[in-house]
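One chain, subunit A, appears in both complexes that follow, with subunit B as partner in the first and subunit C in the second.
Let's look at the complex of A and B:
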């Protein structure tokens, strides 16, 4: 294709100026986020509709647009060590309004997954895992509720893993396949002694 | 289809908070749905969905496998799943959808399930009971209206849709198109009207309850502040009760009001009822039958208005 003389050089120079250089930028991070989230964070043009729709933004320093930029720029450490990462309520309002059809909430979820791989994770998340490993339920039954269930004509324990604990070994096998319980226990112990 | 007996049978996936904190939601769902020709059969051995926010944040691969196990239990029963919780819908429906459409995910999940002699086949569908009530293919608003023996006349009721049933709408595949509107839906209000009550609109109706994504456990004050904003908006409209279709949202609004009282010193005393509980009341179940005494916030002022 015929080009106007001198144009490619000018373009090259211009693009060179605009390339992002930073020592702490990791292109692998961008790729990992994309593959775990199964959405398209690189399409973000930073309009801020996500932050404008976010119920967590008005009451904290959490800015989902900032996290979207960090993904595109590969700023792994900055993204994963920011405690605001855990303030997303996963309401998906940003996803519903994103004009680029990105699902920012899933981008956050994938970054949380990557943070966990580096042991960066609030303990309450791990406790959900250990609760499910123990009883199959994140919110298990208790005696007050058992009595109430009986009054309602229900079984004291619901017909879940609570009533059929024989299903528990299978659940534990699945969780152990990923070594999740051992990792959760280790991190909880490091934090709480 | 015959009018007598059960026209539809579903494996009833309970989740955690409904059976273990608000058992009235479980019993009301079974009884009320039966009157509407839908039989809910226990899904034996089901576990936590697992919690999409708290568990999914840790490792999505394990999240997919754990949700798939629950799906396989229903596949073995050769039954579609019905459930009463938005969080469970997010896990169970969405993982079912993802596994059906992504071979790489399905293969990865089946490799793990093989260790427990299970295989995900993708043979069933997943429905929220609110969707069954609204969709006339299963029940529909008219049938709900016809089943009412104790209309909730005079009660001003606001709806909290919650997030994970309808959002993100790009991924959802409801047969009823109005359910895909997440900016200002009114299909739940139609159901509230069918019970004889007056549905009430309020500011920022579609805002999250604040509990999801593990935030309730991570930063309770932050979560409650979101809830508090919704409660302020509800108070402005002088509603008699708030209805929800998610036990986790219900927990956040109901028990949350007690925590808001402790932490912020504000009192609302707004009764919060799952739509199944509301439907049970309208069909003539007593508050005792519904276990409404287990709620953190007394439902009495509301009950006095409608009984």
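Let's look at the complex of A and C:
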């Protein structure tokens, strides 16, 4: 745990102890990430192949190697509260190349699941949930698209839930089973009022 | 085993009675088997079976504490107390270290004082201390094969470290089983076989050459078999060696010349081992001498061409119209269909590549009527030699790094392997020592070295092990380009720099001081700029915590190494195992790294696992020393564990003959019928035949049916037989 020196508040914040102490680790976190992700995050040897392969890394502060390190050390709070957790595009380039045969993308996904359990999730992700609940699509069809499809000689709507709305109740049933929609609505309301 | 024990002993008394009911049947079997030993006829065939077991067995049990290795995990007093009540046990003692001199004295003394007939030591493993305790048994006046070991450490206290009650129970079981066997042990006498005063070394790289030179210097006739046309191996392809930077060829060629000149070394280049028969001391090896199409002066003389044969003048090569890539130069230089690898080859004899030769006969004319060295109709020859011991030094190949597609080898012209770099930077190489980009012949000014290319890789495409010498040669490469190309910057992409040898870390310091840039990150992928053929090396600078896109002129992949192509075939001929990664398996990774599980066959150099040159030479000298011991001793003692045939029972069906993995069995005619006969020196006592024989006619010495049945009884019935 970070040591508190007892300086005045502003100074204490500025000189905040950033050392890693053994009791910052939660070994259970490593275990649960391992079991949810069904891969071997504890075997990471920090070579950097994942970040080197990552399309997100050059344009953001997202460092997948850093997240892998946090899993190895069990730094639960640090990993789950870092907003970078949501910058992975899930392209799986890191999983293709990892020499230790870990699937880092799945490790990120498992941490997102754990974060969501603590209501840590960006609102745009929740709005995607709402969109899927409404239309069966994260990115629903729109008029621009429909016009383009018509021009290409395609149907205005693709043969998905857009064309077969009778399947929507099934999709909603699945989402409701996990209380996803209710939780999303609740959190959006909390954040945006 | 402990669970099984619980399953039987912890059941209700009624179940135990069931087992007892079964027991008499087993005992009948037991009584049958030793019968032939009592018959004088059978006793004559297997001599070692002759000893009687009539005297009542008196077994001494000695329990070792192994410091706290054993005593820390079980109740030694309880084990001792229980052992006293085991049938046939006449004496029980324990000691802190049974393997120590005082410990062994306890055994001697007990044998004499208590008139013991069998010894059980409950301690570590037979592999570790069987010889020790056999010697102690012998010193006490008993036949050494009257000793039996109960493993209560490796298979008990170490694995059940936290289960004191369980491990104590299991130790008692193990002792009961060992006592049951010890009570039935018989005197056995090892056989000695003479050892042929000759050795064979397979592979003439630096390991094979060093081993041959050592054996030859020790006065042993050595057959050195090499698949390539010249000796020298991988080391002759290298330019300089780390960390001393001496020229590889300069230090190697004197050895090559010595090998070529040594009277005790019979060199077979362009040859391979075709067949191996026999056993330690008496291997019969057939060498396949491939047709090289060119005769040595000696061979020419044998054919009546006096003063003829190849003198290495090279007239044939000049004349030959067929052009092929020279694989010694990793395909970067042309050669003819009749060729030598490089000017310093030993022996200096040309070779025809018959796969490419069009048999136009121009070379025959060029060679002239005096030498008449070329014979386009030459055929493979098979030569049989007899040897006592053999050393395998089959070396390594480069892992086909194009399999790791993200680095673009064979897709991008300016991505090369380290071995190609060695040839390009070498003064005798295809470019005369000028490092150039394969795409345009320009001198590269930024060179990236990719370490762990295919090593330390668990994906299944690469190799899981560390190839051990890539870090160091890449440092050397960095030094060479700094030295040869002013202003050229080497970028070394690494995960860890493993500079573990003598003066290696100092070398690392020196190269960093010379200006090499070290970037800690494994290369994720390489992208080629189509216009310039420059390469973009993409990775994460893990220390800076930023992704990198480094544009360079050339990339050198420090590719992993793997066992050479023919290793698997050769090892099977000699009966040597390999580990999961394909490297040949040593007898013990620490205490017997040159030996193998096949007596008389030894390993030298990289075929056992990646090694740099100093380690390779050391291992070769170790192998040579080990291989010379049986030869100098003149005879080897074989464990008397061989199978023997109970001729009265043998139906002569011959099914065992085909089963034997060591070709030790044969059918012979005796008293007008066929019976099986064992060549004792070849038999390893594996028990395949004994377990199979439908008539129960095969007697496995030291693992006899009565002994094994008694062990099973002791376990299932808790020693109440």
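The rule is simple: the second predicted complex is superposed on the first by the 152 of 193 C-alpha atoms of A that agree within 3 Å, B and C clash if a C-alpha of one lies under 4 Å from a C-alpha of the other, contacts with A are read in each partner's own complex, and residues count from 1 in each chain.
Basically, a contact is a pair of C-beta atoms (placed from the backbone, for glycine too) under 8 Å apart; a residue touches a chain by one contact, two chains touch by 3 or more.
Everything numeric here is computed off the predicted structure, so don't read it as measured data.
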For A:116 in the superposed arrangement: first (subunit B), second (subunit C), both or neither? first
Under the stated touch criterion, which partner chain does A:49 make contact with: subunit B (first), subunit C (second), both, or neither? second
Between subunit B (first) and subunit C (second), which, if any, makes contact with A:101: first, second, both or neither? both
Is A:142 contacted by the first partner subunit B, the second partner subunit C, both or neither? first
A:77 contacts which: subunit B (first), subunit C (second), both, neither? neither
Who touches more of subunit A, subunit B or subunit C? B
Residues of subunit A that lie at the interface with subunit B and also at the interface with subunit C: 93, 101
If we count contacts the way the header does, which residues on subunit C are in touch with subunit A in the complex? 406, 452, 456-460, 462, 495, 520-525, 538-542, 545, 547-549
Could you please specify the touching residues of subunit B with respect to subunit A in the complex? 14, 16-17, 19-21, 23-24, 26-27, 42-48, 50-62, 65-66, 69, 98, 102, 112-113, 115-116, 118, 163-164, 167-171, 182-183, 206-208, 210-215, 217-219, 222-223, 225-226, 229, 288-291, 294
Give every residue of subunit A touching subunit C within the complex, in rising order. 43, 45-54, 57-58, 63, 65-66, 93, 97-101
Mind pulling up the subunit A residues that touch subunit B in the complex? 36, 38, 55-56, 59-60, 86-93, 95-96, 101, 103, 105, 109-110, 112-113, 116, 121-122, 124-129, 132, 136-142, 145, 148-149, 151-154, 158-164, 166-167, 170-171, 173-175, 177-178, 180, 184
